[in-house]
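Common to both upcoming complexes is chain A, partnered first by chain B, then by chain C.
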Partner chain A sequence: MTDKKMISLILGCMCILLSAGIAIQVRTIGGIGTSTGSNSTENQLRDAILKTKENYDNLYEALEKAEVKLETERTNATQNNSELTDLENNIKEANKQLGLTEVTGEGVIVTLNDSTVPLTGSTILSDPNDYLIHYEDIISIINELKNAGAEAISINGQRIVANSVIKCDGTVIKVNGQKIGTPFVISAIGMQETLAQVNRYYGYLWKMKNEWNLDVSFERTKNPITIPKYTGTIKFNYAQSQ
Partner chain B sequence: MIVIAIILGCVIGAVIGINAPVIPYTYSTFLAIAVVAALDSVFGGIRSVLKKNFDLVVFITGFFCNSILSIALTYLGQKLNIDIYLAALLVFVGRMFTNLTIIRLHYIDKWKEAKAQKQAKPKAIEEK
Partner chain C sequence: MKTKTKISKAKLVMSITIGIACFALMLVMFMQFKVVKQTDITSIETMRESDLRTELSDWKAKYTELTELYDDVTSRIAEYQSESETDEETAQLLQSELAELNEALGLTDVEGEGITITIQDNGGQELPDDMGYVSNISETDLLVIINELFDAGAEAISINDNRIVAMSDIFRIGGAYLQVNSEPIRSPYVIKAIGDPTYLESAAYNKDGRLTALQEAGHSIQIESSKNRKIQIQKYNGTISTKYMN
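And then the complex of A and B:
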């Protein structure tokens, strides 16, 4: 009897290991959101991309840690010297203006989505393009936000900086070289009263909503919003200050 | 009792697996090959139970050694830039099919025997 108990205990433990392994594996593959294709070259390429992406994520994490360390080192080094403290503050201010630091503050969130009105295909006048959000719409909204005094803007987590490009890329839109799709969530930090002017009567947003029937919304957030930093590099090779 | 332990183990394992953190994609190949090796050991164990030469020590060592060795071979293959895990997969899955065939044949034989006995029984009564 004890022998049988022993066997069942060991078998039970093995089953735990086995099914836990299977479940973790299924979740790992499921989380990536890809299925195994029938083409082996395709699988290899996908595998290579996923591994590279993971490597990139790890390296980026390490970089962020190193930056935090650098920041603390700098603060420690400049603690007892008022001149250096001023320089340190200058660097911080400059980074903030360049969009190289994460910022938090009061602001608004504009959400743009494709039209939910069904396409009436019978008439010649109905063009499917009229029912979608285009990059021009995003540029116009960002322009209005900037005009209303936005200090920091991001689209779907991509920070808008001085050299950001918003570009049409087929069915998606490229911001800072990263592909983003609907819904476009544009967050802007600034004085809420002036930013609310973006939502004014007969403004661009109003037109999008009422004339073109696009699914847009405007929200004045109660909680402070956080806008991530710009993750690309800013390089000046030709422009030199006098 | 053994059946209960197996079912309970599977359920607990699935619950643990669902709640456990996801492993990085880079290492998912290792886990996959280990799972296949373990499955092969399980089918081998079932076969040996049916053949009545089941040895617990052999089974346990097979379960763990096969998994660990297959992971090690996969790692070596990655270092040498050759897909050794494909060979391991071929062996494991091939053996799994062999074992499944043996298990299937065993149950077919049993079923046939039972059927033959059923047909034979009424005759015996009649003869009496």
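And then the complex of A and C:
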């Protein structure tokens, strides 16, 4: 009797789980179906975007292989000559400084999230925009990290380089032309003691937390942080060295 | 004893069958979830036609840029591979690569077409009609202006001859003084940017831009486009540290 009960209970749980899964799927696919509509121009555009993306991904893969090959060729060409090896090392260092390599090191992680304060009671009449993270907040926090001695910074996996743009595009924030959403996780590599300045009393982060009630956190990680490389291109068409 | 083993055998078969069925179902579900996740359909599926067009042109531009970079890398490989090369030629190749990297890092003086923006901080001046006083230009104002110029394709920017590099910061150090790269600066702020002058100009005059907002707030702004005329931007004088990066 107890055995049977157990079995039926387990079966029941399984069924509920499966049904929930199926329900979620149906809803997801249903959602896609409605927005797809019957507009053929839009569908063509979607196809074109997917195709370009695919081409881009393929080319990027080829580029990565070519870069590895370039490095081996360079090493081959410079071996047995210390002067040339020095030059090669300078090139490696410059690539690292530019943000063209993945780097690991000690550092901090700042997480920014919209406010969790519910719009009730005394706050019901306030502007909901005051409870969101704006691109200016991100620019300011990154500026603080740079001031505190950061050597490499990324936000939601996007490496910050000299020409990186953080902008507001309608309701989304774009970094390096890529859309990112909350929570904004900003990683910075550098000396932890100086980077901790970002978390100082009455600093920008402190204000975000205590005056604007935004959901922010600061973490000195025990383990080294890894920051991905910049995947865009850096090319000058107007500026020329003198 | 006999009956008991029989029952448990039947039960065993049953539970195994059910187990396999459940496992298969789960597998299918996870596969589906994965497919839905991979296609990244939600972002472009919900876009409208105009958004889709900009998205497409963005990706096409990125693809073109990547093609150029790829051609660049492959031609370099070919150069290193060419058999007849002497050490001298290799050194030249390495030097030219390094020169390009240093240029991108902001470690060389550069010149080119661009724009010069001069901002006179009128902070403290009285506003007409008893509207109070003009507030000082802040570090955020300058950060946002730089961001807008880079968005318009600026390749090199300096503020009062301090080159903006990847880890440049702008801070208030009290009173009317700001600092860029730890160098104190004060009004008038002269921002130079090299890039396509047409794009840079339209960013500077953008009615939703920060420069327009500062002008409306009572500051004096002068924009000078240098089409067909070169402006010079100095190199970064500091060092770029990589001590903590491995």
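Assume the second predicted complex is superposed on the first by the 183 of 242 C-alpha atoms of A that agree within 3 Å, B and C clash if a C-alpha of one lies under 4 Å from a C-alpha of the other, contacts with A are read in each partner's own complex, and residues count from 1 in each chain.
In this text, contacts are C-beta pairs under 8 Å (C-beta built on N, C-alpha and C of every residue); 3 or more make two chains touch, one makes a residue touch a chain.
Fair warning: this is a prediction, and the values are worked out from it, not measured in the lab.
Colleague: Decide which partner touches more residues of chain A, taking chain B and chain C as the two options.
Modeller: With both complexes superposed on chain A, more residues of chain A are touched by C.
Colleague: Output check: A:210 vs chain B and chain C. Expected answer is one of first, second, both, neither. What do you get?
Modeller: neither
Colleague: Determine, under the contact definition given at the top, whether A:54 touches first (chain B), second (chain C), both, or neither.
Modeller: The answer is first: A:54 touches chain B but not chain C.
Colleague: Is A:106 touching anything from chain B or chain C once the two structures are fitted on A? First, second, both or neither.
Modeller: Touch partner of A:106: chain C, not chain B.
Colleague: Return first, second, both or neither, reflecting whether A:150 touches chain B, chain C, both chains, or no partner chain.
Modeller: second
Colleague: Quick check on the superposed pair: does A:25 touch chain B, chain C, both, or neither? Answer first, second, both or neither.
Modeller: both
Colleague: Give one of first, second, both or neither to describe whether A:12 is in contact with chain B, with chain C, with both, or with none.
Modeller: Only chain B is touched by A:12; chain C is not.
Colleague: Please write out, lowest number first, the residues of chain A touched by both chain B and chain C across the two complexes.
Modeller: 7, 11, 14, 18, 21-22, 25, 28-29, 32, 50, 55
Colleague: List the residues on chain A that touch chain B in their complex, please.
Modeller: Per the stated touch rule, the residues are 4-29, 31-32, 50-51, 54-55.
Colleague: Touching residues of chain B toward chain A in the complex: what are they?
Modeller: 1-2, 4-14, 16-18, 20, 22-26, 28, 31-32, 34-35, 38-39, 42, 56, 60, 63
Colleague: Can you check the complex and tell me which residues of chain A touch chain C?
Modeller: Result: residues 3, 7, 11, 14, 18, 21-22, 25, 28-29, 32, 35-36, 39, 41-42, 45-46, 48-50, 52-53, 55-56, 59-60, 62-63, 66-67, 69-70, 73-74, 76-78, 81, 83-84, 87-88, 90-91, 93-99, 103-107, 136, 139-140, 143-144, 146-147, 149-152, 160-167, 177, 179, 189-191, 224, 227, 232-242 of chain A touch chain C.
Colleague: Okay, in this complex, where on chain C does chain A touch?
Modeller: 11, 15, 18, 22, 25-26, 29, 32-33, 36, 41-49, 52-53, 55-56, 58-60, 62-63, 65-70, 73-74, 76-77, 80-81, 85, 87, 90-91, 93-95, 97-99, 101-106, 108-114, 139-140, 143-144, 147, 150-151, 154-156, 164-171, 194-196, 232-233, 240-246
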